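Next up: the structures, one after another.
In the two complexes below, subunit A is the common chain; its partner is subunit B in one and subunit C in the other.
After this line comes the complex of A and B, so read on.
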């Protein structure tokens, strides 16, 4: 059986797992984006706070994902919980880093002008600074999503949902019929989904980045 | 935008010099405390026979050694292939094919590390060190390749012209102007590749390549949490130390005039 026959034959299961894979990655990215932007907003005015937040987040990213999953299993058990916790933690660095850099890069003159026309601190943040920082934040989310697609495969070790399950059963069944097809379907599926998400990010950027700063 | 979009793909760069300073000081201290505490706990508690089989100095040293060996082999392969390839692709006659190589490397990194590892194992039917090291090296190649190309291409053309003007040969320009100026970016790429390698090496045991991931797996399969924790914490400590060594190299090997 070649790969195409295999995929056609198992389409129901594969498409469900592909959907679960994308769904867990997108949900984790959104949770991480909310947390990352909140952290970024909280620390970007303080150089030491920014340095601490980025240092901590980049240290987390250095931790091997398999080791982190291993440590989470005895604490939170198997399944979706350790998967989502790990994915959110890994997505924090690119998003927090880019939020801080994006907010820090806003021209102080623009900030002053906004204050000058009577906008409140919150108004300046929500209507001026965050909008100007949005392309950077979105770029951070894109990088995070790409990374999470690969890490979610490893998360199948902790019985997380998604295409990683195909790769693992391909490995376990090595030598038997369709083992390679199974691992290949899982791996290629992740690559294709990652490229599709990349296109989605391009569209989001096209429609949400303020017209004045769209390059 | 240019500064915020720079770290494409996997990168542990914090984007802040002060954050890098904090990590340079705090990271080794944190590793010593964390690994020390876990080892003391693991060796002083009452281990049953199954736990004692994994938690003893011999096994822990062997697994750490295997892990380091994979990382070192990957680092050697990546440096040996990506830096020369990056240099070749920036020569004027190779410019047209450079995007092709970058695209291949980009897709290589979009592929999940574990999938690449498993497929390489299924296709070659190899096992052990090389079956783990080669796909991990392929996977870690991109940061170094991209940074080498970017580093050389971002050298001010006026400097290259000046070099040619005082009579340097093109290889003279390459070795005495372009490469030294590209060193900081190449080193940053190597550090990223090292972090990727030491992290992905935890997966090497899936193809019988050993490493600290094996302890995590043993602890999980036999339901012995201490074994799992010791393996995972050692892997974390090793990754943080390797990253720290990369940071120190970046700090001290970079040309002084560029700081």
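After this line comes the complex of A and C, so read on.
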């Protein structure tokens, strides 16, 4: 059986796993984006706060994903929960850091003008600062998503959903029938999905970044 | 008096305003008291770091005063909600501070939007403001700031500041970042706008020439924003209050003064011998010999100056239209004395003055100019000695 026959034969299961894979990565990115932007907004005015938040998020990223999952399993059990927690934690660094950089990069004269013509603090943040930092935040989300596509494969170790299960069981059964096909189908599936998400990000940027600040 | 009608500005009063930053012993602004009259342009001018910008920013409370009171149109500015206050005070800054992600129209409509105007009214207002600052709405409405030149951005900045028709306009070196020619145009335009709008404008600059050109009154500020002199440009140029002001006025105070005076303000005299173009050369020569003149000015039917003729040229000339030399630079009664001086120097000692329809009204010479400056200086000295 070649790879194409294998994929055609197991399409139902593979497509479901692919969907679950994308779904957990996207949901984790969104949760991380909300948290990351909130953290960024909270700390960007203070140099110490910014340094602390970035350092903390970096530290999380240095923990090997395998180890992090291993540590989470005794606390929250197996399945989707430890997977999502791990993915969100890993996505925090690029998003938080880019939010801080993006907000810090807003020209002080523009902030001054916004205050000077009578926008409230919240108004300045929502209508000016976040809008101007949005391309940087979006870039952070994009990096986070690409990273999570790979890390989500490891999450199969915690019995999380997604294509990781295919890769793992293919590798465990190495030598037996269809083992290579199974591992390959999982791996290629992740690559293809990552490229698709990349295209989605391109479209989001196209429609949500003002033409006035598009590079 | 017509001067007080149509004034949309209100008076601003600063009383003992001080700004002290925590951790620094000396205040940034010390005990400033000044009245900014309604409908006038008042320039705060001074060296870098003297606190002039801080003083201005306390008026819309981008910086909160440590002590003292500020009233705008009789209302205590420190009691209002700061955001509400700022929506009633226009604010334009250097490099415009436009929102790069908003179009020109969106930038201008921010303050009306904050004030809750209806969409239709905002749209009309955007077009009106763009016309006012000389940008074609059809062409520029949907452009983004980066698609505009520096001068155009500055115009949009002014339009945004004026969009909600605030009685007061604060301008912080608004023309500091554009080239000299554009700056000159923007200054002229601001003066043109002001003749219609009659806002109270507080304008910060470090360029004294700009202050002289734009200001109804100039406040020269020293360290900690202390007022060294607060008077009309004429008075400051004629009689600087102290060495610091004199140093800031700089060299060429007399020349700067000439830009403030118009020919109509001085005594020009109808001293030239004039002749209509159809008079015969012989009769004119006769008149000139009788009156002991060497030159006569030939005028056309509408009394506009045409040529200078010398008495010796008349004996051979067949008509006055071909004799002598054409009149070079002439000055109108609207010209500044600075332009008049230029014409006098170019013409060799005197220049022809023409009225509103270009007709001959008199002559101005270099002694008129020097006498005027001398007289002004004496007046202001007498004025300050009396006060």
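Just so it is clear, the second predicted complex is superposed on the first by the 215 of 215 C-alpha atoms of A that agree within 3 Å, B and C clash if a C-alpha of one lies under 4 Å from a C-alpha of the other, contacts with A are read in each partner's own complex, and residues count from 1 in each chain.
Following the convention adopted for this analysis, a residue touches a chain if its C-beta (ideal position, glycine included) is under 8 Å from a C-beta of that chain, and two chains touch if they have at least 3 such contacts.
Note that the structure is predicted; figures quoted are calculated from it, not measured.
**Q** Based on the superposed arrangement, let me know which partner A:211 touches: subunit B (first), subunit C (second), both, or neither?
**A** Touch status of A:211: second partner only.
**Q** Applying the document's definition of touch, where does A:116 land relative to subunit B and subunit C: first, second, both, or neither?
**A** second
**Q** Looking at the overlay, what does A:48 touch: subunit B (first), subunit C (second), both, or neither?
**A** It touches subunit B, and subunit C stays clear.
**Q** So, does A:15 touch the first partner subunit B, the second partner subunit C, both, or neither?
**A** So A:15 meets neither subunit B nor subunit C here.
**Q** Touch check for A:23: first (subunit B), second (subunit C), both, or neither?
**A** In the superposition, A:23 contacts neither subunit B nor subunit C.
**Q** In the superposed arrangement, which partner chain does A:59 touch: subunit B (first), subunit C (second), both, or neither?
**A** Only subunit B is touched by A:59; subunit C is not.
**Q** First (subunit B), second (subunit C), both or neither: which does A:176 touch?
**A** neither
**Q** With the touch criterion stated at the top, can you tell me which subunit A residues are shared between the subunit B interface and the subunit C interface?
**A** none
**Q** Using the touch definition from the top, list the residues of subunit A that touch subunit C in their complex.
**A** By the definition above, subunit A touches subunit C via 107, 109-110, 112-120, 123, 128, 131-132, 210-213.
**Q** Under the stated contact criterion, what part of subunit C meets subunit A in this complex?
**A** Residue positions touching the partner: 60, 62, 83-87, 90-91, 93-103, 110-111, 114, 144-146, 157, 160-161, 170.
**Q** If you look only at subunit B, which of its residues touch subunit A in the complex?
**A** 1, 3-5, 7-16, 18-23, 26-27, 30, 107, 110-116, 118-119, 121-123, 195, 198-203, 206, 212-213, 216, 219-220, 225, 228-229, 231-233, 235-236, 239-240, 243
**Q** Quick check: in the complex, which residue numbers of subunit A touch subunit B?
**A** Residue list for subunit A touching subunit B: 47-48, 50-52, 54-55, 57-59, 61-68, 70-71, 73-74, 93-94, 97-98, 100-102, 105, 135-136, 139-140, 143, 146-147, 149-150, 152-154, 164, 167, 170-171, 174, 179-180, 183-184, 186-187, 190-191, 194-195, 215.
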